[in-house]
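Below is the structure I would like to discuss, written out as structure tokens.
Residue numbering begins at 1 within each chain, and the chains themselves are lettered A, B, C, D and E in the order written.
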Amino acid sequence: MIIRDKPGLRELLFALRGSVLPVIAPSLAVVALVAAGLVALDRWVTAMPHVSAVPFTVFGVALSLFLGFRNNAAYDRWWEARRLWGGLVADTRALIREAEVFVEAEAERRALLAGQRQFLHGLRRALRGEAGEGPTPEAALQAMNRVLATARAEGRLDGFGARTLSGRLASITLAQAGCERIRATPLPYVYSLLIFRTSWLYCLLLPLALLDGPGWMAPVFVTIVAYVFFGLAEVTEELAHPFGATANALPLTAICRTCDIALAEALGEPVPPPLLPVDFRLD
Amino acid sequence: MIIRDKPGLRELLFALRGSVLPVIAPSLAVVALVAAGLVALDRWVTAMPHVSAVPFTVFGVALSLFLGFRNNAAYDRWWEARRLWGGLVADTRALIREAEVFVEAEAERRALLAGQRQFLHGLRRALRGEAGEGPTPEAALQAMNRVLATARAEGRLDGFGARTLSGRLASITLAQAGCERIRATPLPYVYSLLIFRTSWLYCLLLPLALLDGPGWMAPVFVTIVAYVFFGLAEVTEELAHPFGATANALPLTAICRTCDIALAEALGEPVPPPLLPVDFRLD
Amino acid sequence: MIIRDKPGLRELLFALRGSVLPVIAPSLAVVALVAAGLVALDRWVTAMPHVSAVPFTVFGVALSLFLGFRNNAAYDRWWEARRLWGGLVADTRALIREAEVFVEAEAERRALLAGQRQFLHGLRRALRGEAGEGPTPEAALQAMNRVLATARAEGRLDGFGARTLSGRLASITLAQAGCERIRATPLPYVYSLLIFRTSWLYCLLLPLALLDGPGWMAPVFVTIVAYVFFGLAEVTEELAHPFGATANALPLTAICRTCDIALAEALGEPVPPPLLPVDFRLD
Amino acid sequence: MIIRDKPGLRELLFALRGSVLPVIAPSLAVVALVAAGLVALDRWVTAMPHVSAVPFTVFGVALSLFLGFRNNAAYDRWWEARRLWGGLVADTRALIREAEVFVEAEAERRALLAGQRQFLHGLRRALRGEAGEGPTPEAALQAMNRVLATARAEGRLDGFGARTLSGRLASITLAQAGCERIRATPLPYVYSLLIFRTSWLYCLLLPLALLDGPGWMAPVFVTIVAYVFFGLAEVTEELAHPFGATANALPLTAICRTCDIALAEALGEPVPPPLLPVDFRLD
Amino acid sequence: MIIRDKPGLRELLFALRGSVLPVIAPSLAVVALVAAGLVALDRWVTAMPHVSAVPFTVFGVALSLFLGFRNNAAYDRWWEARRLWGGLVADTRALIREAEVFVEAEAERRALLAGQRQFLHGLRRALRGEAGEGPTPEAALQAMNRVLATARAEGRLDGFGARTLSGRLASITLAQAGCERIRATPLPYVYSLLIFRTSWLYCLLLPLALLDGPGWMAPVFVTIVAYVFFGLAEVTEELAHPFGATANALPLTAICRTCDIALAEALGEPVPPPLLPVDFRLD
């Protein structure tokens, strides 16, 4: 994630980190060239059809609404993913406290907290598709549950504690299932097709409506409109995958570190420092 | 569901899987032919009325907003259905863990998990209208509840466990009722009528506003606008039925398999492999 | 509620059930006549002012946004009402199961389920303003609560059961209050006034912007635009009253029947068949 | 709140109750006069600049979107306030039932219900800024809590009852805090400034784009556009204060009466009649 | 936060507090100067390209939708932050009441309430980045939890109380994590870049479409359009940081004071007065 203040003049002109410009630059070049070519053809070779504005206005409004919808859906996925991880931070802290209140045996308390640490890092790795040692998130939760079941069976955990802590595990399970849902279920592919196809059609045909004015402005305007449409399409593509590796993905490592700090304090271990953005980027 | 990366050049040009193009192609052909016919009539037979852009702009904006609303509503149904099944995955895992903590008797614990497996597959079949053996989801839940009631009555399940597990069944029941609600209550039919009628009217009349420019462009533009409007209407039709058999419906079989894996592990049975997309499609 | 597949050609042309066309036909006729009269006046009597498109475009966009907002709000009411009744189905099934687990005495269990049946039908009648025998929903819930209080006071219901079942009644109470809220609090009247007034103004003045083209098209276009605006206004009017008697209202009788089936099974009574749509309509 | 059917012809033409017309009439008059003055200047004194439509279209669309956003936010506040009070009705009924199940001593049960009555009327007065006798809502809840604490300390309320009833008080507290939040935190003032300033600018400049057509239509159209923009701004202003004294504010007195009826029945007191709209208005 | 009535004539003309005008004035000046320069060049030096309206309409609509989205997202952050703090007020009052019901020892009850006071002020300081004495919010909650754990271990807190109060701490933890989420996760930076870049491009190019009419109106209109776009962008920038120090940030000090009052009453300490707006501003 990019952590940066409101862009100033210099960022507006030059910032590329976190920008989608590098990604869409080739498409913009294609669109600009096609527009320039159409203008050149129209001027020096043969008259191209000069199309009225009506279809472009309607088409453009429809496309804008469509992009707006997809943008909303993508942002909602991104923000829901962030909420789920915010919930996991709260679950971690609540687990620490509930273990202190309800679990008598120090060893079992420590086992629960260590299990939660393994769960968090396992979930992070699973969502990002990273390699790494350690149990899967499911295995970590299962091990924590076994601690509870044993303590309950052997009478070291009363009914109130069993209900509280197994409710906490259920809350963690729900957050985990939410994250897996977002990862496993992309936005419907049909939207991607429809949006990219119509954006391309729009930008390739738009020059025909701009032939009447001064010709050399057509490529400029088509490029700007393409910047808005392709840029938005690309942003939504990135935000729709909040667990990806793009500059706009969620900083899971930093969130896990926040939990690590709380867990280390509760376990009496050396506390790691919080992660800070490097070159405005936090992972 | 189609699981595929961002469409590249080849997909943009040729992809048909998950696309709505095959479905709406006949309508597009009709619209294009009518437009071509009107242009031909206007050129070679008798002048058709050349209509100004005003009504089409307003009409087009209103239609876009309307389609946008329906698209939102359809996507919300699809995503809510996905959330409910994500919740069922979490409920399944939580049930496994809570049974381990609160249910003493091994046989009763296994009966609960086997019942959950029957419930999930029964619900999948019921939502999709598939034939198949096994109890209805209601019967499966009722059988699980009987296990709880018997264990409670005979003292093998204490109050804490009874509250926890019967709360879990209530959570599963709520998800089930949510799925049945989405399946039994389509989007209001009046929207379908209004949208399809106005889309057709718009596309059939639009050529009249495009007669002034170069004639042969009119069919092209009308077809493109129709592609956007009919395409969006068709997408929303598919997403509004998330339990259907279209390429954009939810992959219930694969989600059930995720639960089967967790249940098989907990029951000590051979663990089936997760389902993977075949030819980009996951069912 | 109309239960029908995607409209085909025949439905697009002729379907009136579930359509708002019959309701708005008189308004459309008025608008068309006024438009035709203005054109006739302009042609044969005296020149009418030919107005530019600017105000109509802005006015039309504003009106579309406004109608879109009201449509969203109305649909949200309709869908929330449906969710609340879906929740009542889940509450009914959960009540059956929790009574089996926590209520020892068969007679008290049966009294609870019979009370729930009376509550559901009482609520249905109250929301629809139908006459009919039986207690009010409040009285039915109060009677169920008295069963719980007596059983608790006389020691046949332990604390866990009392908490579970009184929590279930609280959940039912919340759904009931939600339904009453939707019924008693219409959309703010000021919206209705503002929307109907501006829609009429728009459609009556729009002909002045269409006088320039071929005159006989003006009434056609005005009628189509009026169809979209009045049609949408009427749809939202119907959906905003989800407990009404229109074709688009919720099928409360069929939902109650779903609950009746579950209750009859649990009570060992003959099970009624589910309600099916008659002539595509389900009440 | 205005309780009235869909407006018919007579209401469309003449209804003023619940309409914002009286409030915005002065602004409309100013706008119409300025427009007429500009037309007169242009005709008879000196040519005014005839401005093209481009900036007005974009400006108008941006303003419409902005007004639409504010309208959504205001309606959400209004509807959330209504939901919170609907929740308080449910809380009141649930409190009555839970007190019956869990509170042994008749006197303490009655004290709880009387306290809830004081709380509701105290909250109503506090939200509306009305004078009146009786404790503040906080004091009423505190007194109810003291009843619980005493009963618990003296053994007349077991742990299950204490948890249930103190959970109920927490739910009431949450609704109270929600109402206070809506009352104490208006929509950001910057929106009001931005919207009123841009609406005025738009309506005062719009005549310049309408000078080309028949002059006397300019004031008419400007007034209509101003009616839409100022009307919507005024509606959102009213709905954003759901606890105010306008015709569109929430009928808190009537909602409190609904609770009074349930409480009087439970206390065995004479039951007051429900409040009905007077002259279509319910307070 | 600015607490002020609907702006009247004087505020519309002169109000600067809570307005974004001072912030965006330099940008407006730049845009106006560029527009004036282009007009001057076109008139007196060399003809500039006179561009048609088509690209600006589409571009403007797309930009409006984009700004509208960002505005929604920013307002949602602001309002969610306000809801979280409203929830903390409710949590504080519920904690006071639950401590009265469930905690026997006066000293422990007081320790909990004092801890909550430290937590609230610690959270306020942490969110605003203010210096100040006192523990971090985490440390305050941990100390409160230790009180519960000790009381539970030594038998002064039964299982019901432990579950209730540890549930309350979990609810407070969730609100805290929500606030930290909003503070630590800004809106995606890519949106800021995209919006500021396209707003600037739009406003700098717009004069080219306004050269045809009376020249001196171009700078006026460009400035007005820039006022809408930059103003909205700046408002969303402020609202997106609800814990900042701007005039539109949340009044955390006043909300903390509301809690202080309830806590002081419960602790029997002198009750501080509620904070009132100073010069219409509440912090």
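The rule we apply is simple: a residue touches a chain if its C-beta (ideal position, glycine included) is under 8 Å from a C-beta of that chain, and two chains touch if they have at least 3 such contacts.
Small disclaimer: the values here were computed from a predicted structure and weren't measured.
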item: Steps needed, at fewest, to go from chain C to chain E via touching chains; value: 2
item: Touching chain B and also chain E, the following chains; value: A
item: If a chain touches chain C and chain D alike, it appears here; value: none
item: Interchain centroid distance [CA atoms averaged], chain A/chain B, Å; value: 23
item: Whole-Å gap between the CA centroids of chain A and chain D; value: 36
item: Residues within chain C bordering two or more other chains; value: 53, 57, 61, 65, 68, 159-160, 163
item: Chain contact topology (line, ring, star, complete or other); value: ring
item: Partner chain A, residues of chain E touching it in the complex; value: 49-55, 57-59, 61-63, 65-66, 68-69, 73, 138, 141-142, 145-146, 148-149, 152-153, 159-160, 162-163, 166-167, 169-170, 173-174, 176-178, 180-181, 185-186, 188-194, 196-198, 200-201, 205, 208, 237
item: Partner chain E, residues of chain A touching it in the complex; value: 1-4, 6-7, 11-12, 15, 18-20, 53, 56-57, 60-61, 64-65, 67-68, 71-72, 75, 78-79, 82-83, 86-87, 89-90, 93-94, 97-98, 100-102, 104, 158-161, 163-164, 206, 209-210, 212-214, 216-217, 221-222, 224-225, 227-229, 231-232, 235, 238-239, 247-248, 250, 262
